[in-house]
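Below is one structure. I have some questions about it.
So that you can tell them apart, the chains are marked A, B, C, D and E in the order they are listed, and the count of residues begins at 1 in each.
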Amino acid sequence: MKKPSDTMSLGGLVGVFGMVIYGILGSGGAFGQFINIPSLIIVAGGGLTSLILAQSGTALTNLKIGFSIALKKNSIDYSYMISEFVRLGGLVRKSGFLILEEEVENIEDPFLASGLQMLTDGEESESIVSSLELKIDMMAERHGSIASTYDLYTAYLPAFGMIGTLVGLIIMLSDLSDSASLGAGMAAALITTFYGSLFANGISDPIGKKVRAMSEEEVLYREFIIKGILLLQSGENPRNIEDKLLSYLSPSEVARFKEGNN
Amino acid sequence: MKKPSDTMSLGGLVGVFGMVIYGILGSGGAFGQFINIPSLIIVAGGGLTSLILAQSGTALTNLKIGFSIALKKNSIDYSYMISEFVRLGGLVRKSGFLILEEEVENIEDPFLASGLQMLTDGEESESIVSSLELKIDMMAERHGSIASTYDLYTAYLPAFGMIGTLVGLIIMLSDLSDSASLGAGMAAALITTFYGSLFANGISDPIGKKVRAMSEEEVLYREFIIKGILLLQSGENPRNIEDKLLSYLSPSEVARFKEGNN
Amino acid sequence: MKKPSDTMSLGGLVGVFGMVIYGILGSGGAFGQFINIPSLIIVAGGGLTSLILAQSGTALTNLKIGFSIALKKNSIDYSYMISEFVRLGGLVRKSGFLILEEEVENIEDPFLASGLQMLTDGEESESIVSSLELKIDMMAERHGSIASTYDLYTAYLPAFGMIGTLVGLIIMLSDLSDSASLGAGMAAALITTFYGSLFANGISDPIGKKVRAMSEEEVLYREFIIKGILLLQSGENPRNIEDKLLSYLSPSEVARFKEGNN
Amino acid sequence: MKKPSDTMSLGGLVGVFGMVIYGILGSGGAFGQFINIPSLIIVAGGGLTSLILAQSGTALTNLKIGFSIALKKNSIDYSYMISEFVRLGGLVRKSGFLILEEEVENIEDPFLASGLQMLTDGEESESIVSSLELKIDMMAERHGSIASTYDLYTAYLPAFGMIGTLVGLIIMLSDLSDSASLGAGMAAALITTFYGSLFANGISDPIGKKVRAMSEEEVLYREFIIKGILLLQSGENPRNIEDKLLSYLSPSEVARFKEGNN
Amino acid sequence: MKKPSDTMSLGGLVGVFGMVIYGILGSGGAFGQFINIPSLIIVAGGGLTSLILAQSGTALTNLKIGFSIALKKNSIDYSYMISEFVRLGGLVRKSGFLILEEEVENIEDPFLASGLQMLTDGEESESIVSSLELKIDMMAERHGSIASTYDLYTAYLPAFGMIGTLVGLIIMLSDLSDSASLGAGMAAALITTFYGSLFANGISDPIGKKVRAMSEEEVLYREFIIKGILLLQSGENPRNIEDKLLSYLSPSEVARFKEGNN
């Protein structure tokens, strides 16, 4: 129920690479030793082409959307939303549902906006709920598909890391005449395994897990919004709306909410 | 709901090999070093014989059908199908169900054709639905069996890759007198592991996943067709048919559909 | 629903070894290098003793029965069985259920025989169904237990392959004075891993999977037989029996059936 | 339903070690090379401490009980129990339930004894069943917990085997000056992996699987005993009790039972 | 149902390191060889940053709480609680529910306190149960989230152990000119794998499992407390309260309870 911080996740992503670079320098290595474009292409590219064979164009869209979902600050703000519902509840009590018509235009969240629109259109609560629940289901399915793409990439990345290392080893072993370059060849061969393991465990797997977690939070949040819309429709007085919606917060969040309102 | 593109998947399949060949050349290797017929036979052949022991002749049929399902353009076209149902709805309204008899002959999709045939035969909606649902179930089961065959191949391929490498290592280690050929022997031994890993992650696993995904899309599409057939039977006017079937499209697809019809 | 061919599975089993032997010879090895009795005993024997600790005597019985199930031609023949039911249906119509008494003696399938016996004994359909369903359940459970034994063997075989290799390596490394025999010692050590991997992926895993698949086919087939027995009991005319039982065949099998009967 | 033999399982446990020792001697090794107390402590002790962190004192109790469950002859004897129920049924018919009071004292199986006690106490069948079913549930839960402890040990043992090998390798590699002891150091390092793999696959995993299997058999057996107690309560005549309880045996066991009683 | 001892778990945690240190010293190594700060940072830090990318700030909170849950003595004491309920039952019988008001202030367990408070507030049993069940559900969900964090850390730790080893190997292999330092470089490289494996199997995995186990115990315990509160509300006499609550103890615990009360 806590509002996840993009800074934190971004820090996690940057941190992974920071830790590894620290490890490289701390072990007496040079950063340049770990940059190798052909290795990068075998691992990230090979994994991606397998992903495309498996999921067609969806793979690319899902990777792009998933990345931004995992790093963008999400719009979940229970406290703000409760205040909004209280304010709208007051308006509705004073001036009827039609007053919402002009509010809808200023609301950023399209989910809330479409719910309020249905209120002003005079739709019945059952129809509003089923229409909004459908939107939630579709969102959850889309997120699930994105997370699956990352799961599959997490599986392909180390596999292509190993494939690349095998390529390097086979080339190196085929010509052992120049024993001086033996170590360098082996080092180069291992870089793909390093890439595969790092990208899988430091980027792809956490992003997939993050998307799944944020999706669950969004589902809970949108169900809370449906609850708020139904309270508006029932014409409850603003105080009751607040009381009922506060049950979605933990005790400490309730305390902070009440403090903020005084 | 997006119509998957065969070109994309084909590109994925070709791309995997492109990436790996790029990696080979980029690492200073020669393509010929990676071609080895006995290795190919141990990996692909050994995996296949295990598959045949496990699944009898079904294994071969499933591999063949799965390959073409994964790379062939599928026939899903919601927009075209909606136009068709609207057109047929108009015909039925004008001339009754019997007019469908001559339409059936021109319809390529056997699923739709058999549904319309049942309409002209005057079968009841329940009987039509149960008969078509049975066809869907049988298709889904067939697809599931195909995907399982690929899953099992995905498991056997790296296993036989390792078996082949062990064979190579044992032969090489048995006679270390000629230390010059040591590297070459080891390189040859590793080629089977390379094949096993590449075929599993670059071909077999993605195809299995693709078949499963396309099967799910087909199921949704055929349920949409059943819906259309029931709308025809109920004698709805074409405008209503269009409205109800458009709910299967995403907002952007609806917009494109309406544009295309003007 | 296809009738699995024993020749095919047997071919799969033989083929696995053929592929591997081809690989050995093709890589310049000698078949004899890969035969090692102590290695065989550590892998197959060690795995077997673990299996016996885990499942007592059941393990041995299950291994034996599973092997013959996987390689024996099964007795599934829908077309023949439909002809039989049609013929028996004609007899029953002409001469009553008692005529089945003498038929039962000539029927090889004990499942069908016990069902017909119950018909002649005048048992009610519910009692016949529940008695035959119980037989199906018990068979499915027995098959499931057999497949589990093979699954467990599939897990133990490579484990003991690795244990054997560790034994070989430890012995070899303890005395490095004779560096000439180093390679040979290592080659010998790897043979157990080779055996473990080959037996698991080339024999045990496919047989377990085959038993499970054949069990599912048998269950469907026996439910079809129950259906046939109920049709006999209801005194349907032979034509109707044929029509109803043909729904268990795919369209192409129906065509072949009708051809064969003309 | 077969009565598992402790001799068999004990043979499996002894056999695993026999196979491995045979492999050691057959490969020219000495048994003493494979005995190393510090290695034993890292593997078995390290795994055990992790188990204790995970499960507290329960871990130790579960290991102890599980070991004896897996190797002790269980007390399942359907045939004997049927004879007992027939005998008790005769007594009850002649002298009423109170006669059971003195029988209870001579009955070893506490489950049966408590059931009979409830009979003499005149409790109703529903109350007897629910009380005995509760005992079965608690037993099954206890067995499940024991099997889980073994499952976890099976996971920790090879992990600590690898940890020990890493310890050995790091120590050995830190000082390569004495190249003579290189092999010996590596051999010593591998012994922990050998222990971890052998204990996991030769002891811990099979015992966990055995406990689970025996638990299922016990559950079935105790449900059969409940059935017998209910038959006693209903005052059935001994012949009927025998008939009804014989349905728990397979045909061949029924034949053996009838033979034994003549 | 046994009361887990913090000393035991703490001993397990300390013991793991004791075993490994014993193994190090017993194999002739020095403790200092195994301390390497950059390695520690790659493994524990790299794993942690991935965890933070995946779970945002929740990761850190969960790690902290999980650690203390796993090592702190829990407050489960069935016997004490039964005595309490008996005592409170006596008070309620004598002086009515309001007497609980002053008791509530002295009760440490907030779960029990809130239940008793609801009793004195005269709430109905259904409302008390649903309110307390909600608290149990929320606790179980929180614990599940903590255990998942540890599960994920258990997966990332060995992955970053391997990444660190690859870093070390690549650096070492890039410059083989100084063959004297070869062994030392490899030893250093292996330390991260050692850390990853040890932290995962010796700390993170057992703590995750412990949290899950303690959560299940807490759920059972709190359901037992709900039962006690309902017995208080129904005004049962103290003897009956004791009888009914004793059914939550095993026979041996009942015996100990009765002994302690005499």
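The criterion applied here is as follows: a contact is a pair of C-beta atoms (placed from the backbone, for glycine too) under 8 Å apart; a residue touches a chain by one contact, two chains touch by 3 or more.
This structure is a prediction, so every number in the text was calculated from the model and none was measured.
Novice: What's the overlap between the neighbours of chain A and those of chain D?
Specialist: The common neighbours are E.
Novice: Since chain C and chain D are copies that touch, just let me know if over half of their interface numbering is common to both, same, or not, different.
Specialist: The interface is built from different residue numbers on each side, given that under half of them are used by both copies.
Novice: Turning chain B onto chain C with a C-alpha fit: angle in degrees, nearest 5?
Specialist: 70
Novice: What whole-number Å value describes the gap between the mean CA coordinates of chain A and chain C?
Specialist: One centre to the other, that is 47 Å.
Novice: For chain A and chain E, let me know how many angstrom lie between their CA-based centres, rounded off.
Specialist: 29
Novice: By residue number and range, which residues of chain A touch two or more other chains?
Specialist: none
Novice: Quick one: label the inter-chain contact graph as line, ring, star, complete or other.
Specialist: Contact map by chain: ring.
Novice: Of all residues in chain A, which touch chain B in the complex?
Specialist: Its residues touching chain B are 37-39, 41-42, 45-46, 48-58, 152, 155-156, 159-160, 162-164, 166-176, 188, 192.
Novice: What part of chain A is in contact with chain E in the complex they form?
Specialist: Listed in rising order, the residues of chain A that touch chain E are 2, 4-5, 8-9, 11-13, 15-16, 18-20, 22-24, 26-29, 33-34, 70, 182-184, 186-187, 190-191, 193-194, 197-198, 200-203, 205-207, 209-210, 213.
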